[in-house]
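Each of the two complexes below includes chain A, the first together with chain B, the second together with chain C.
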Partner chain A sequence: MKTVYINSVCSISSQKTFDNSEFLDEIIYHEDNLIPVVNPNYKDYISPSESRRMAKGVKMGVAASKIALKDANLDTVDAIITGTGMGCLRDSEKFLGALIDNDEQFLTPTSFIQSTHNTVGGQIALNLQCKGYNFTYVHSSISFESTVLDAKLMLENNEANTILIGGVDEIGDYTAKLHQIINHIKAEKTSTSELLNSKTEGAVFSEGANFFVLSNEKQTSSYAEIIAISTYNTLGNSKISDLAKSFLDENNLDIDAIDMVVLGNNGDVTFDGFYNELSSGLFKNTQQVYYKHLCGEFMTASSFGVWLASKILKTQKLPEIVKLNNLKDSNFKTILLYNQYRGENHSFTLLRKC
Partner chain B sequence: MSKGVAITGMGIISAIGNNVEENYASLVTGNTGISKISKIETNHKDSIMVGEIGFTNQELEQQLGLSSENNYSRTAFLGVIAAKEAIKNAGISDINNYKTGLISATSVGGMDRTEAHYYDYAVDKSTQKYIEGHHAGDSTQKIAEQLGIKQSLVTTISTACSSAANAIMLGARLIKSGQLDRVIVGGADCLSKFTINGFKTLMILSDTYNSPFDEHRKGLNLGEAAAYLVLESDKVVLSENKPVLAYVKGYGNANDAYHQTASSENGDGATLAMQQALKVAELSPKDISYINAHGTATGNNDLSEGRAILRVFENDIPDFSSTKAFTGHTLAAAGAIEAVYSVLALQNNVIYPNLNFKTQMKEFNITPQLEFKEKEQHTIMSNSFGFGGNCSTIIFSKKQ
Partner chain C sequence: METLKQELKENIVEQLNLEDIAVEDINDNDILFGDGLGLDSIDALELIVMLDKNYGIKLSDPKEGRAIFESIEVLAKYISEHRTK
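Take a look at the complex of A and B:
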C-alpha cells in the first residue's frame, strides 16, 4: 500500500488564512455568534462573469481549490472529492423562499440548479476541466473526514495519484436563525478568547472552505503524511477514551507517541464534555490545541483543524492562540485530531511529519 | 482483501411495490406506478405525473412503530423500510457481529418537512423538532440507528441523480480493501415541492407518462423510492455459508465537466464511466447481456446516453431499457432502485420492457427492448447520471 501525503493546503476562513506564506500571523478577534470569513480577492481566481452566478460556498470552494492546486504546483488532478454538511444553503433558501412566497409561481431555475449538494464539486470539475472521479459527501460533521477516507483508499491502492479534497459550508441567514431558535447557535455574542469559558448552549457559527491536494507521491511542498482516519456514527456504549485507545492500538501507537492533540471544542456546554474527557484524561500530559474559536463551527470546520495541524507539522511552529496547555513547543511529529458534533459523528485523524 | 463483493440481501419501496417481490411482479406484468400526485398539495398537480408511494407518513410511522414524537422526514421513513427489508433478506440477526458500515444517498433529505414548516418554525414550537432533520445526513443516521449500527463508518453521498450508484461503488471499494466486512448501501428520496418546482423551472417534467428513448419524449416524471443492498466480503459469505444473489463486478465514475445541469452532446462523462466500469470488471463490451439505462426521458439525457452507449458498444449494442417509465425518476435513490432491478434480472433471466416507446429517435438507430423478455443473463450494466456532471456505472454479475 502506498503512503498518502498532504501536498498542499488552502484555507478560506474567518481568519486571514488564504495566503500560504503566512501562518496566523495576525489574529482577528471576533465577538459575535455568527462570524464572517475573510475573503480573498475572488477576481484573482474566478472571472467576474462566473463569479456573479456563484453562491458564496461555490466561490470559496473554487478559489480554495485553485490556491491549493497552485500550492501543489499542479494544473489539474485525477479526482475531486468534496465534503459539505449543509450544501448550498443560500440557493436552497432562495428557491424555497420564492416557492412559498409566490405560491409556486414565477420561479427561475438558477437557484434550484445551484442548490444541489454537489454544485461545488461540479463547478470545480468544470473549472479545471477534470473528467475524473467526482464525489460529494454530505454527512454532518464527518462530511470532510469522508473525503479523506475515500481519497486515502484510492491513493493507497494507486487508483489515482493526485486528488483534490475539501470541506466547504456557507452561512444561510434563515437557517442560522432557525439554528439559533433551537440553541444550536449561541443566543449571545461570544468573544474569541472567551469561547471555551462561555458555559452556554450552542456554538459560534461560521463558514469556510479548506482544500488540500493529497497524493501518493511526496514532493518538496508536502506538509504531512495521513496515517489513519476513522469515523463513528455513534459511541454506542463506549466512552470516547475507549475509542481513542482502540484507534491508537489499531495504529500501533501508544499515548506517548502522540506529540499533540487537536480538539474540536466549540464552547457548547452540553457537548464539550467529549473533548474535556480526553484533555483531562488520556491526553492530560500531551500538548493540546483547539481552533474553533478562530474559525467558528460549521459542519466541515474540522477541515480547518487539518489545515492547522498540517501547517504546524510543516513549519514546526505552534501559534500561541491555539494552545490549550503549554507542554511542548517544538519537534512535532505525530498529531491526533478529534472532532464530533452534538454527540454524534465522531472522528479521529492521525497525521505525521513527512 | 476481498476479491468478490457479494450482494446477499436487498430491500426496496417504490411506486410499483412496497418490497422486492411486489416490485418484481410489477416489472413482469408491465404495471406502471406513474399517476397523478395525491400526497403533496401542489399547484402543479394537474400538469404533472409522478411515481408516488401509496403509504402516508402516518402509515409508515405506524409500520415502523415510531412514537408521534419522532422527527422523521419521509426520506427517512422510506429509507428505514427498505434497509430493514435488505437486512432481513440477508438473514442478518446480529448486525454488529461483523464490521458493518452504512453508505446512504439522498438529495432531498429532510426538505419535505422543511418546506412544510419553513416559516412556522419561527413561531410554532411543535414543528421545531424538524429543523435538525433537514440536513442530508439525518436520514442516514436514523437508518443506522434503526438497524442497530453503532460506532461504525456511516456516511452519506449526494451527487444528485447518481448518488446511490456512488454509494454502491464506495461500499464495494470498502469491502474489496478489507476496511469493512459488510456494508449496507443504497439511497432514499421522497417527493417534495422543492424538487417538483425545481424540475418544473428547468422545463423537463412531462405532463404525461414518461417515454424513455422515444423521439417525442416530453421529459421525466419524478418519483419517490428507497432501496438498499447488503454487500458482504468473501470471508462473511464463506463462514456464514451465505446464498449470494449476485456480485458487484465493476464500477466507474467520471465527470462530464460540461455543464452544471446538462449532459454533453456526445456523452463524454457517461462514456468514461461505462469504460471505467468495464475495466474494473475486467470485461469487454460484448460480455454485457443487458443495460439498465439511466433513460430519464428528457431530451438531453436520452440523446447523450444513447450516443455514449454507441461509443462504448459500437456495432454490438446489448439489449437495453429504462425502467423509469415504471417508477419515475427517483433522483438520489435511482441507482439503488435499478441495482435491485438488475439483480432481479440476473436471478430470473429476464429483461424489462421500456414502456411507452412509440417512435424511433432520429439521431441514431438503437431501439430499447420493448417487450418483457426471458433471456439467459450473466452480466448487467446499470447507468446513473446526475447534475454537476456526475456519471456513474455499476456492473453486476452472476459469477464472481
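Take a look at the complex of A and C:
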C-alpha cells in the first residue's frame, strides 16, 4: 500500500488563516456565540459571473480549493471529495422560505439548484474542469473524516494520485436560531480566551472551509503523512480512553510515541467530559492543543484541527494560543487528533511528520 | 413606462445577483442574454417566475421568452400590454 501525504492546505475560518505564508501570527479575539469567518477577497478566486449564484459556503469552498491547489502547485486533481454536515444551508433556507411565503407558488430555480449538499464539490469540479471521481459525504460531524478515509483508501490502493478533499459548512440564520432555541449554541456571548471556562451548555458556532490536496507522492512542500483514521458513531459501553488505547495499539504506537494530542473541546459543559477524560488521563503527560476557541464549532470544524496539526508538523511551531498545557514546544513528529460532537461521531486521526 | 423600466432593471440586478452591474449600467436597448448582459437559461426561468409573481403574466410557451426578454425596452412593452396586476 502507498503512503498518503498532505501536500497542501487552505483554511478559511474565523481567523485570518487563508494566507499560507502566515500561521496564526495575528489572533482575532471574538466575543459572541456565533462568529463570522475572515473572508479572503473572493473576486481574486471567482469571477463575478460565477460567484453571483454562489452562497457563502460555495464561495468559501471554491476559494479554499483554489488556494490549496496553488499551494500544491497543481492545476487539477484526479478526484474531489467534499464533506459537509449541513450542506448549503443559506440556499436551502431561501428556497424553503420562499416555498412557505409564496404558498408554494412562484418558486425560483437558483436557490433550489444551489441548495444541494454536493453543490460545493460540483462547483469546484466545474471550475477545474475535473471530470474524475466526485463525492460528497454528509455524515454529520464526521463528514470531513469520511472524506479523509475515502481519499486515503483510494490513494493507498493507487486508484488516484492526487485528491482534493475538504470540509465546508456555512451558517444559516434560521437554522442558527433553531440551534439557539435548543441550546446547541450558547445562550451567552463568550470570549475566545474564556471558551473552556464558560461552564455552560452549547458551543460558539461558526462556519468555514478547510481544504487539502492529498497524494501518494511526497513533495518537498508536503505537510504531513496520514497514518490512520477511525470513526465511531456511538461509544456503546466503551470508554473513550479504551478506544484511544485500542486505536494506538492498532497502529503499533504507545502513548509515549504521541508528541501532541489535538482536542476538539468546544466549551460545552455537557460534552467536554470526553476530552477531559483524555487530557487528565491517558494524555496527561502529552502536549495538548485545542482550536475551537479560534474557529468555532460547526459540523466540519475538525478539518480546522487537521489544518492546525498539518501546519504544526510542517513549521514545527506551536502557537501559544492553542496550548492547553505546556509540556513540549519542539520536535513534533506524531500528532493524534480526537473530535466528537454532542457525544456522538467520535474520531481519531493520526498524522506524522514527513 | 419609464417607471416600469426602472423597476425591471432594479429587479433584474437584485434578483439575479448581478454583482458587478449597477442599474444605471443597463440601457433600455441592451441585449439581456448571451453577449449582452450575459444572462443565461437559469436567469430566463427566474424572469418567467418574476413575470408571474409581479405582473400576473404566465408564459405557457418558454420559447416566447426568447423574444420577450430581448431587452428592457421590449420586456417593459410586453408587460404593460399583458399585465393583470
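As a convention for this text, the second predicted complex is superposed on the first by the 354 of 354 C-alpha atoms of A that agree within 3 Å, B and C clash if a C-alpha of one lies under 4 Å from a C-alpha of the other, contacts with A are read in each partner's own complex, and residues count from 1 in each chain.
The definition used in the following text is that a contact is a pair of C-beta atoms (placed from the backbone, for glycine too) under 8 Å apart; a residue touches a chain by one contact, two chains touch by 3 or more.
Being a predicted model, the structure only gives us computed values, none of them experimental.
Visitor: Please indicate which partner A:Val138 is in contact with in the superposed arrangement: first for chain B, second for chain C, both, or neither.
Guide: A:Val138: touches chain B, not chain C.
Visitor: For A:Ile80, using the defined touch cut-off, is the partner it touches chain B, chain C, both, or neither? Pick first, second, both or neither.
Guide: Once the two structures are laid over each other on A, A:Ile80 reaches chain B alone.
Visitor: According to the stated criteria, A:Asn345 is in contact with first (chain B), second (chain C), both, or neither; which is it?
Guide: First partner only.
Visitor: Touch test for A:Pro109: chain B only (first), chain C only (second), both, or neither?
Guide: In the superposition, A:Pro109 touches chain B and chain C alike.
Visitor: Which chain makes contact with more of the residues of chain A, chain B or else chain C?
Guide: Of the two chains, more chain A residues are contacted by B.
Visitor: Quick check on the superposed pair: does A:Gly121 touch chain B, chain C, both, or neither? Answer first, second, both or neither.
Guide: In the superposition, A:Gly121 contacts chain B only.
Visitor: For A:Cys130, using the defined touch cut-off, is the partner it touches chain B, chain C, both, or neither? Pick first, second, both or neither.
Guide: In the superposition, A:Cys130 contacts chain B only.
Visitor: Determine where on chain A the residues touched by chain B overlap those touched by chain C, and list them.
Guide: 105, 107-109, 113
Visitor: Of all residues in chain A, which touch chain C in the complex?
Guide: 48-49, 51-53, 102, 105-110, 113
Visitor: Inside the complex, what are the residues of chain C that reach chain A?
Guide: 15-20, 38, 42, 45-46, 49, 52-53
Visitor: Name, in rising order, each residue of chain B that touches chain A in their complex.
Guide: 42-44, 102, 106-107, 109, 111, 114-115, 118-119, 121-122, 128, 131-132, 134-138, 140-141, 144-145, 149-160, 166, 170, 173-174, 177, 179, 193-194, 197-198, 200-202, 253-261, 268-269, 272, 386-390
Visitor: Contact residues on chain A for chain B in the complex?
Guide: 80, 85-87, 92, 95-97, 99-100, 103-105, 107-109, 112-119, 121-123, 125-126, 128-140, 142-143, 146, 149-150, 153, 156-157, 175, 177-179, 181-182, 184, 230-238, 243, 299, 344-345
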